[in-house]
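Listed below are the structures to be examined.
First subunit A sits with subunit B, and in the next complex the same chain sits with subunit C.
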Partner chain A sequence: MAKYIGKRLLRSLLTLFLIMSIVFILLRQMPIEGYFQNFEKMSALQIKVGLQQLGLTDPLPVQLANFWKGVLTGDLGVSHKYRVGVDVLEIIAGKMPLSICIGMAALCISLLVGLPLGILMARSTRTRWKLGDKLGTVFVVVIQGVPAAIYYLLIQFYFSRLPGASMFFYMDQPTTWILPILSLSLGNTAYYAMWLRRYMVDESNKDYVTLARAKGVPTAAISRKHVFRNALVPLVQFIPTSVILTLMGSLYVESLYSIPGMGGLLVTAIQGQDNTLVQALVLIYAAISILGLLVGDLLMALMDPRITLGKKEGGR
Partner chain B sequence: MPTSTDNIILSFQDLDIRFTLRGQVLNAIRGVSLDVFRGESLAIVGESGSGKSVFTKSAMGLLDANGTIAGGHIWYDGKDLTTFRTEKDWLAIRGKEIAMVMQDPMTSLNPLKTVGDQILEAVLLHQDLKGEAAKAASIQALAAVGIDDPERRYKQYPHEFSGGMRQRVVIAIAVACRPKILICDEPTTALDVTIQAQILDLIKNLQKKLDLTTIYITHDLGVVANVADRIAVMYAGDIIEVGRCEEVFYDPKHPYTWALLSSLPQLGVKGQDLYSIQGTPPNLFYEVHGDAFAPRNPQALNIDFVERPPFFEVSPTHKARTWLLDPRAPKVEPPEHIRQLREKGGAIHD
Partner chain C sequence: MALFRFKDSKTQDLSESLARETKRQFSQEELFQFAAYDPNAGERGGYSDYSYWRSTLRAFRKNRVAMFFLCVILATLLFTFLEPLLPYDREPNTIYYSEQVQMNLFTRQPILDEAGNPVVKVALAKDMRPGSEFWFGTNAIGQDLWSQIWSGTRNSLFIGFAVACVDALLGILMGVLWGYVRKLDFFFTELYNVFDNVPQTLVAIIISYILRPGMGTMIFAMCLTSWLATARFVRNQVVIIRDRDYNLASRCLGTPTRRIITKNLLPYLVSIITMRMALAIPAAINNEVFLTYISLGVPLETPTLGNLVEAGRKVMSEPLLRYQLFIPVIVLALITISFYIIGNAFADAADPKNHVN
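After this line comes the complex of A and B, so read on.
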């Protein structure tokens, strides 16, 4: 187990290295106009000095090597545009807690609503009219089919008229937190409901369920002890994916509601070509995503006795 | 062998079972009557799709959601099981009175629960035991089906067992329910030939020890010859011949039984093609007229296509649904090798 985790961590680091190097090189291909606010009025010398200050005149491999040296010593550089001269990590540290807070709240809501909804839909497939399943499917299809950008806007537009709600996010008014968190959770809620329903229907058609029925286990107990438990195993793999989805959603939701978090920051940083800030943010997002995948695999191994990590024995 | 009526443990009467598939109605079981005697070992044989599984599942309320009992009765212990509507009714039967061993031991155990837990579940439901005593009974059940080192095996998962061992676990679960009837739905089909005999022996021994009535469902006549006291031959949702093992094997009356026995590889001659029955079973989405086997029977009589034959009694224990047994019917002899079988059988049983 420890050996396996060690191997996986090494591989994760390699992935992270590749992602960062590619992003770094791509950022260097951006037009130099973007680095200066009044590019047209600057002389060639001014531009050259400006680029030199930004460290953009060195050959690309040298720049990249310097960047990795910085990463290893924990120095990701200072912001050039967003807050000139301030350490990017300091900027992010001020923003990250809020983003994590909102993201986790959304994820919790997704699990708390999505899982019961999935169970309800799966159970309803055995009833005559399958009403619960049909209504649930409508919800899932709408959320999965309509681009998030559109329903985020619709929610912001229509629901912000409700008392207590607002078009914007205010730290000190908890009711204004509801809409962004809700928007952020919808995608994952539909995702969990859809897959849990599907896996539960799959499991409930398996032979061991028939055997459990034949030995006289009541349906409710079968559903709880056998079907739900077994359907959860493939589902834990999705947890990392949903972390990533939440992160992606937060990029847009945060700028929509003017939430002073990390997601809005990345958009601003890219628009301003604040390279160091973009690099630091991408590094963090990539690390979270990769870690999420690793955690998902470990969770699955914990829940399924057939999966033994790293050992070559048993199973089929 | 017990045959008197008060020894009947389970009785099917004119049972009709229908399935609705995409708006069409399939008559899976067409007016079948069968008595099962206490303590006997009955084999229901027939080809795939003849309805043998559906027939026995109906006695446990395990029909798929689109299947309904459209007519007839299933009597057990003075109760008509066809009147059962709620799950609560069935919970008094499932496991407690009738238990089942299914075909594929690879899929009939929950892969994420230890085998101990799965046996324990049955013990807690059907034996009046709790806690440590229930656990001890579960370990005891594992030992009773011939699994070595049951205490260690108790904590293992199904994937740590071989196919034959898993089938033993499934049998342990069924037996731990303390049922009166054990339905074995093709218990050896998915197993290695070398393991098949062991599993059949195990079931036979348990039957004797626990005074069980066993119903085997199979298409393997070799299995039947090994274990059954009586045989019921099923074709297209109907039982067409029923009798004691030697009666059906050595003196079969229905042309389908002839054809089925002729297909036994053991009867084939080396170098010659094996016998196979021409044609396909009737489509049960349509109403069957007359004898369902008539279209595939080269010696079919005209009446076979028109009217369904009743049961004709050959002996008090042997009856068949074929017009050939009608006194007015022309004398049609079974194929040569079937008659040879009879002579051999006569020799064996003298």
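After this line comes the complex of A and C, so read on.
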């Protein structure tokens, strides 16, 4: 297993290099008008000087080499559009903790609510009226059916009138944290509940479960020891990814409640053609998400001892 | 606590009927008897006309709710094509003018002429509420919402189907190879990482610079990234079952990889894959809403549900104009909910253990 992890980490470095090169080249395809605010009024000389300042006049390989040199020395450059002259790492460091805080709180809520909801739905499919399943399905269906942008808006609109809640987010007032966190958690709650229900229903139709039931094992023990444990295996792979997604923040929620977090930073940076900021963000996200996929695989192998990741005799 | 205990209805049924059977008196014909020796019995071959897909369809047709929503989807699809034939002749992109009573901006009273009649002027028919003239009202620049909604639904469903098809084909193929063939594991993992980490926004912007912005470009940009999630999903499922004993047995007997994939792996995954596919269409439509939100959507002259929702979102704060948001959202929600319920019911029906009863 250690050999497998080591090999994968080494190859990840190569992938990271490839990703950054692709993003780097793609960024250089953007039109040069985008780099300047008053492009029409500028003379050819001004444009040339401006491009030189951004380091865009060198040939591509030289630019790329410079960038990697910068990465190795921990210098990712300064932003030249989003906040002019500020180190990009400083911008990111200022925004990330808040997004992580809100995102992790939301993720905890979704796991704590979503997983029990999924179990409840799956177990109630065996009861006569399937009431829990029907109510849960209604919730999942509504969350899946209405676009996130809309129900976030509706939540902000109607629930911000409650005492303590507010249309906006203030760092020092804990009650204003509730609405954004709740809105963020809804999507993941529905996601986990929906898939856990699917896997548990599939699992509880298996022969060994029927045998256990025939032997007289209590229903609760069957669903805890056999069904739930097997059904959680495919879901476990996505939990690290969910954690990572919290780093990126939510574009909708953070702009609705004006939270100074990561949400939309990447989109804004790309649209503003702030190359250094885009590169730094992509580098960080890519590194973490590659790691997330690896951790997910390891968790999956840990949950289910039948899964082997490395090469094995008889494997193809 | 008794309220929270789930009674297993199937077990209960079985034990009840068993108890009933044992109490009954049996006639002579019902009891066991030794069969006479029949030399021809050994020659008789077994034959079953069980067909997997036919049974799946039969189980699916029994689900009334799912059939209802299937009809809803088909009716919506049909209606988006039939809608231009209705006697209601409004174009989605034409800006309409109508005769309106002039209002005094300060007093909010109609302006009267000397004879005491309200002054009527032809003006831009903007923000008209739903009524007999414009069935779903008009939007902020005087376009008819009814025809916009239906042509938008048609375009969105087209985008959804196109993206979901590519998604299914590429995603399942890549996912199965990634999961099953160990030699390809590293290659596909890194390919996935590369595609997954180049931001979709960047790709969409570059593509819309190179190609002309429009539906085709949009579909292309979405296809480039959408198969990733499906591939990873299928791959995880395959990794879970690839070393089960029945696959090991097949490998030992020298079954070629292709046959293992089509006969051992994919049939096992039918329920999960169909559910995933049913969700892929609404996911594509919602992705389009997101791309429109960051102003990378299709141009406004092609109405899509994304464009309409985004336009409606902007007038959300005005209570009288909220119909512009709610009508497209309701249509969008209806489509998504239908696909979800159909997918779920089909996934239930695809499990052969549910075919027996």
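Here is the rule we go by: the second predicted complex is superposed on the first by the 297 of 316 C-alpha atoms of A that agree within 3 Å, B and C clash if a C-alpha of one lies under 4 Å from a C-alpha of the other, contacts with A are read in each partner's own complex, and residues count from 1 in each chain.
Keep this in mind: contacts are C-beta pairs under 8 Å (C-beta built on N, C-alpha and C of every residue); 3 or more make two chains touch, one makes a residue touch a chain.
Because the structure is a prediction, the values reported are computed rather than measured.
S.K.: Let's test your reading of the overlay: on subunit A, do subunit B and subunit C clash or fit side by side?
M.R.: Pair status: clash.
S.K.: In the superposed arrangement, does subunit B or subunit C reach more residues of subunit A?
M.R.: When the residues of subunit A touched by each partner are counted, C comes out ahead.
S.K.: Of the partners subunit B and subunit C, which touch A:K215 in the superposed model: first, second, both, neither?
M.R.: First partner only, subunit B.
S.K.: Once chain A of both complexes is superposed, is A:K7 in touch with subunit B (first), subunit C (second), both, or neither?
M.R.: After superposition on chain A, A:K7 lies in contact with subunit C alone.
S.K.: Quick one: is A:N66 in contact with subunit B, with subunit C, with both, or with neither? Answer first, second, both or neither.
M.R.: neither
S.K.: Which partner chains sit in contact with A:D202 here, subunit B, subunit C, both or neither? Use first/second/both/neither.
M.R.: The answer is second: A:D202 touches subunit C but not subunit B.
S.K.: Figure out whether A:H226 sits in contact with subunit B (first) or subunit C (second), or with both, or with neither.
M.R.: In the superposed model, A:H226 contacts subunit B only, not subunit C.
S.K.: Is A:D304 contacted by the first partner subunit B, the second partner subunit C, both or neither?
M.R.: both
S.K.: Please work out whether A:Q173 is in contact with subunit B alone, subunit C alone, both, or neither, and reply first, second, both or neither.
M.R.: neither
S.K.: Considering only touches as defined above, state whether A:Q46 meets subunit B (first), subunit C (second), both or neither.
M.R.: A:Q46 sits against neither subunit B nor subunit C.
S.K.: Following superposition on the C-alpha atoms of chain A, which segment of subunit B from the set 94-102, 112-120, 220-228 or 256-264 overlaps subunit C?
M.R.: The overlap with subunit C comes from subunit B residues 256-264.
S.K.: Please report the subunit A residues shared by its interface with subunit B and its interface with subunit C.
M.R.: 126, 213, 219, 233, 304, 306, 314-316
S.K.: Show me the residue ranges of subunit B that touch subunit A in the complex, using the header's touch definition.
M.R.: Touching subunit A: residues 60, 62, 65, 87, 91, 94-96, 99-100, 102, 104, 107-113, 121-122, 125-126, 157, 159-160, 170, 173-174, 177 of subunit B.
S.K.: Within their complex, state which residues of subunit C touch subunit A.
M.R.: Listed in rising order, the residues are 6-11, 180-183, 186, 189-190, 192-194, 196-199, 201-203, 205-206, 209-210, 236-237, 239-240, 243-244, 248, 251-252, 257, 271-272, 275, 279, 282, 286, 289-290, 293-294, 309, 313, 316, 325, 329, 332-334, 336-337, 340-341, 344, 347-348, 351, 353-354.
S.K.: Which residues, counting only subunit A, touch subunit C once they are in their complex?
M.R.: 7-8, 11-12, 14-15, 18-19, 22-23, 26-27, 29-31, 123-124, 126-128, 137, 140-142, 144-150, 153, 157, 198, 201-202, 205, 213, 219, 233-234, 237, 251-252, 264, 266-267, 270-271, 278, 282, 285-286, 289-290, 293, 297, 300, 304, 306-309, 311-312, 314-316
S.K.: Taking the touch rule as given, give the residues of subunit A at its contact with subunit B in the complex, in rising order.
M.R.: 126, 206-208, 210-219, 225-226, 229-230, 233, 303-306, 314-316
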